[in-house]
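Shared between the two complexes below is subunit A, which has subunit B as its partner in the first and subunit C in the second.
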Partner chain A sequence: MANIQEKISALCPEATFEEGETLLVTVPDAKWHALAKAMKEDADLSFDYLVGITGVDWKESMGCIYYFTSTKYGTHVSVKVSTTDREKPMLHSVSDLWKVALIHEREVYDFYGIIFINHPDLRRYFLRNDWKGFPLRKDYDASDKANPIRLEAEKNEDDTVSYIEDAEGKIQKKRKLVFKPEEYVINIGPQHPSTHGVMRMRTALEGETITHIDMVTGYIHRGIEKLCEGLGYPQSLLFTDRMDYMSAHQNRHCLCLCIEKALGLEVPKRAQVIRVMMDELMRLSSHLLSYGCLTMDLGATTAFFYGFREREIILNIFEKTCGARMSLNYDTIGGVMADIDVDFANDVKALCKLMPERLKEYHKLFTGNVIANNRLRGVGVLSREDAINLSVTGPSGRGSGWACDVRKTAPYSIYNEIDFDEITETEGDSFARYMVRMREMEQCVKILEQLADNIPEGDYCAKVPKIIKLPVGHWFQQVEASRGAFGVYIESTGEKTPYRMHFNSPCLNLLGAVDPCTRGEKIADLIAINASLDYVVPDVDR
Partner chain B sequence: MGVKIKSMKQEDFKDNEYIESLIKKLKENGTNAVVGMFDDLINWGRSNSLWPFTFGTSCCAIEFMSLGAARYDMARFGFEVARNSPRQADFIMLQGTIVHRMASPMRRLYEQLAEPKYVIAVGGCAISGGPFRNSYCVVKGVDQILPVDVYIPGCPPRPEAMFYGMMQLQRKIKVERFFGGVNRKERIRDFLAQHPEEEFEKR
Partner chain C sequence: MFDFGIVTRWFDQLLCGIMPGWLATTIEGVIIAVALILVYAVLALFYILYERKLCAWFQCRLGPMRVGRWGWMQVFADMFKILIKELIKLRNTDKFLFELAPYLVILASMLSFAVLPWGRGLQIIDFNIGVFFMIAVSGLGVIGILLAGWASDSKYTLVGALRGGAQMISCELSVAMSIMTMVVLAGTMSISGIVYAQEDAWFIFKGHVPAIIAFIIYLIAATAETNRGPFDLPEAEHELTAGYHTEYSGIHFGFFYLAEYLNLFIVSGIAALMFLGGWMPLHIPGCDGFNMVMDWIPSVIWFLGKAFFISFIIIWFKWSFPRVRIDQLLAMEWKYLMPIGLFNIALMTVVVVYGWHF
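Coming up: the complex of A and B.
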């Protein structure tokens, strides 16, 4: 860590450092872009993976915290950039270096009104474009008066704004068209069976070929992050289940881990094993659903029923222990809510015995099919460099050959004691992404087999104080959710409620990959590419 | 008296008084023998072939997918296929949170549904905003925007609960007057008149 500190202070003498869970570098905005470029390109640092950008309103100033990871060295660093101007806050954009920042900066702009200089497309992302105010600012007026329910149709935005800095340092507002006048634009969504949720793709076409897609999201933006600021830590847990409902356990696990890390709480071994087993069951059910949806999107309705058949078995296991089929609310701070059902281990073992032959059946049904192969192979290629640049993690990132499994790169809970393989494919096309999921299911079964017989005796939950107050500070935790690296950022001022809670969802990054993946592909393949990326829109919008 | 539906016994429904009162109201002024018979026949047909229009925004939509899959299989009860176009559907199945950005597309899709049309609100979010009620951009219950016929509580409701709610809609349809009966249309017209688009602007 000292090495990184020395290196950065040599590159930027104005930077100040704060030791913590990860090294926090505070940089003045004027030097930020130059430092970012150096951090990415310097051979000794090579922070090529931008994990996430968290906007924070510190009242006297506003700014962003950037989390970086080096895929080469596995080192982490966080950078804080802030501005004291509240009227027209401006920071420099890093979207030319990390393409994933294109979305994350738009999100920060939407929530805090921070203008990113040189960002090519600064529009609202989640809220209606006629929305008044910036909701995550601490002085935001949340009453219905400012923003009533509007039933008239929202106007399409045909042009976008960007703030360009010229050579003399003057900032000019420039407008530019989203689509060229000669482009033919077709609208898909927001209510469309194959967008996997509610969002809109404004697709520009040249004949049958896609030239550019403008994503319009926010049709299910519920303002979870703002809601969390008003709720205590145990209360805020329920939202994680409703973001990516197909990785409810993992998301909740992540938030619990983050809070436990802040509290310095030791989780009993039994609870850890149960949590990991639940995570893997959830991953299995999620991949089964994604198999079902992908096949259905390609017209193979039969395979959908097969995927759902096994998913119901897993839901039965969940129901016996958690009491619900979805929105399970099982993990809690210090362990799990209730002990496992008496049949749990036996049910899991029966499932493990069943799955290998069922997986063979899936392959027989779909994988070898000529139509499926023609529609998936070589379509929607995402190279390894692009995947890192766009922070596309999870099965989609591993399909491009990027070993980004958080369970391996930064093991949490008991994952370093378990024997399993990280699945990667090299092609980066839709078929590779599909195959990663299929092969990952085998690994899920492998993990479950190891743990089913070895659930240790003991408490299922640690002793936790009735009122949970986190010490002053900030924490960041990542876990491997079904769709990629899910991160939680908590900033605490020592109160019962978090000062800022940010969920860094994998699906938001996946959405950013749709446009680069589909350029130059046929419109008919758009649905297949989307299905193979497998995003969940409520996780995008939060 | 009572409404018979094949899939479930009368006594298994919990709010039979409500349906009875509907029937009573309907037959208050007597029923025309011929038209009444046609009403029964047509309602029998309508109630057993209800096609849902899926309007799933979040978790409840996945439970609705389970409803379509083999274990629950809603086709058994006449909800043959879920349609994704409002033109081909009989009722709108609202699953999930409705936020401010979605309000206007939702209203438009509702208006595109062909008459006679019905609305089922599924899950806590659609009914009242659910856990997100205090949020700055969540609609606190779809009944602010659409006239809702059946509410199915739950987060998300179990598939069985969804069946129960959908069957309640079947029963409601069975006691409706199809010929000469303008009561339903009037109700919708009144609702829409009370909730005009401009009024939301002013609020």
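Coming up: the complex of A and C.
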């Protein structure tokens, strides 16, 4: 850490440092872009993976916290850039260095109104174009006078704004068109069988070939981050199940870990084992669903039912212990809500016994099929560099050969005691992403087999104070959700409620990969690529 | 084996005895038309249930079970629902063409339905270029699909229709080519002639290697021509929501739906006619006892059974395979199926000229 500090202060003498769980570097905005470039390109730092951007309103100033990881050295650093101007806050964009920032900066602009200089396409991302105000600012007027319920549909905004800084440092507002007038634009969504949720892809076509895609999201945005600011920590847990509902356990695990880290709470071993088993069951069920949806999107409807048949078994296991099949509400601060069902271990063992032969059946039905191979191989290729640049984590990132499994890179809970392999494929095409999921299912079974017989006795939940107050500070925690690295950022001022809670969801990054992956492919490939990236829209529209 | 020709001739003579010839022909025409439409509708209903039950079986499900025993009345419920649904008028459509398209599709399907040999002597028209007529009228359907896509004024339908046009026209070539291969073997284009030529052995056995090649090409190309999975690109539910018929509702949609199911029966019927002997029972030369038993089974059952068997294979395809992409489909057609088909005709000609068939 000291090494990073030395290096950065050599690059940017104005930077100030704050020790914490990760080194926090505070940089003035004028020096930020140059430092960012150096941080990415310097051989000793090489922070090539931008984990996430969290906008925060500190009242006297506003700004962003960037989390970086170096895939080369495994080091972490966070950077704080802020501005005191509340009328027209401006920061420099880093979207030219990390493409993932294209989306994350639009999100920050949407909620905080921070203008990113040199960002090529600064429109609102989630809210309507005609929305007044920026809802996550602390002085936001939430009354319905400013934003009455709209009865008209939102108009398509075909021109976008970008604030360009010229050589003398003058900032000019420039308008440009998203689609050229002569382009043939097809609207895929918001009601469409294969958008996997309510979102819209405005797809410009040249015959059947895609030239580019404009994503329109926010149809089901619930403002979870804003809601969390008014709720206590145990209450905020409820939302995590409703983001990516296919990784409900992992998301909730992440938030619990973050709060426990802040409280310095020790979780009983039994609870940890149960949590990990639930995570893996969830991952298994998510990958089964992903298999089903991918095959169905490609037209093989029978395979879909095969995937769902086994998923039912997992949901039954969940139902017995958690009392629900979808929004499971199981993990809690300090452990889990209730002890496991008496049949739990046996059910899991039966599932582990069943899965290998069923996996064989899936491969027989779909993987070896000539049509499936033609449809998936070489389609939507994402190179390792692009995957890192776009922060495409999870099975999709590992399909591009990027070993980004948080369970291996930064083991949490009991993952460093478990024997399992990180699956990677090198091709980076849709088939590789599909195969990573299929092979990961075997690893899930392997983990479950190890744990099913070894659930230790003891408490299932630690003693936790009635009213949970986090100390002053900020924390960031990541777990490996079914679709990639899920992160939670909590900033606390010592109150019962978080000052700022940010969920860094993997699906938002996956969405950013759709446009680069699909350019030049056929419209049918868009469906295959979407299915192989396997995003879930509620995770995007948090 | 019972010859339905006896019945039809008796009826014709009866009518001619009491009225002038032109009136008798008109009445016969009307009766046949009504019968045809009835059989068409009933078969469509049967096919919908058949496919639903089969696909449920492939997918570890039960399929429709609630209405009637084993859900057999479900299709009637569905039909009445579609009959009483509103025909939604859309603002920017080309009204005339929009309404015309479903009729064109169903017309093409009915016309080719008319030439199928249902049983011994049970055939509506039997003229010496029957096969030629069949190929010609089945090609009409593509006009309906192109019109539907164009007139709907929607981008999904347009993409679907253009895919449909490209696909159907390409695959018709291979269908025609494999049928021609069998015509070479039969030596006639008359449908009854083709059936009678298979009296001693079905063509698929008689023509051995080239016949089997033609059969496989026919199955693939015919599935593509009827827009069924894995070649259901013009509809492509997951890409174009419903392709060329996205904007249709009520019975207009019903016509497309009906035509699609009946086209499945028609291509199966043609396959049965060309390769499996039409209504001709299974005969093994030399086993007279066995042949006698086979002759006991009515010819209509033979024909339907064969057609349903071929449909079973096509339905099996649909529910197992993923969908191909349009460029892959066209490449398959033009680079593989058609050259192989052309070569196969030559091979069949050689086989016939040298008498190498059974």
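We adopt the following convention: the second predicted complex is superposed on the first by the 542 of 542 C-alpha atoms of A that agree within 3 Å, B and C clash if a C-alpha of one lies under 4 Å from a C-alpha of the other, contacts with A are read in each partner's own complex, and residues count from 1 in each chain.
Criterion: a contact is a pair of C-beta atoms (placed from the backbone, for glycine too) under 8 Å apart; a residue touches a chain by one contact, two chains touch by 3 or more.
It should be emphasised that the depicted structure is a prediction, and the values quoted were computed from it without experimental measurement.
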Per the contact definition in the header, classify A:R309: touching subunit B only (first), subunit C only (second), both, or neither. both
Let me test your reading of the model: by the given contact rule, A:L289 touches which partner, first (subunit B), second (subunit C), both or neither? first
Comparison of subunit B and subunit C by subunit A residues contacted: B
Between subunit B and subunit C, whom does A:I371 touch in the aligned arrangement: first, second, both, or neither? second
Between subunit B and subunit C, whom does A:F179 touch in the aligned arrangement: first, second, both, or neither? neither
With the two structures laid over each other on chain A, which partner does A:W58 touch: subunit B (first), subunit C (second), both, or neither? neither
Examine A:Y163 and indicate which partner it touches, taking first as subunit B and second as subunit C; both and neither are also allowed. neither
Looking at A:P193, would you say it contacts subunit B, subunit C, both, or neither? Reply first, second, both or neither. both
Between subunit B (first) and subunit C (second), which does A:D144 come into contact with in this model arrangement: first, second, both, or neither? first
Go through subunit A and flag every residue that touches subunit B in one model and subunit C in the other. 192-193, 305, 309
Considering only the defined contacts, which subunit A positions touch subunit C in the complex? 184, 186-187, 192-194, 205, 208, 295-302, 305-306, 309, 365-366, 369, 371-372, 374-375, 522-527
Residue numbers of subunit B touching subunit A in their complex, please. 54-55, 57-59, 61-63, 65-66, 69-71, 84, 96-97, 99-105, 107-109, 131-132, 134-139, 144-145, 155-156, 158, 197, 200-203
Spell out the part of subunit A that touches subunit B in their complex, as residue ranges. 126-128, 131, 135, 140, 142, 144-145, 147-154, 190-193, 197-198, 218-224, 226-227, 230, 238-239, 242, 245-246, 289, 304-305, 308-309, 311-312, 315, 325-327, 537-538
Interfacial residue positions of subunit C with respect to subunit A in the complex: 55, 58-61, 155-156, 159, 229-230, 232-233, 236-239, 241, 319-328
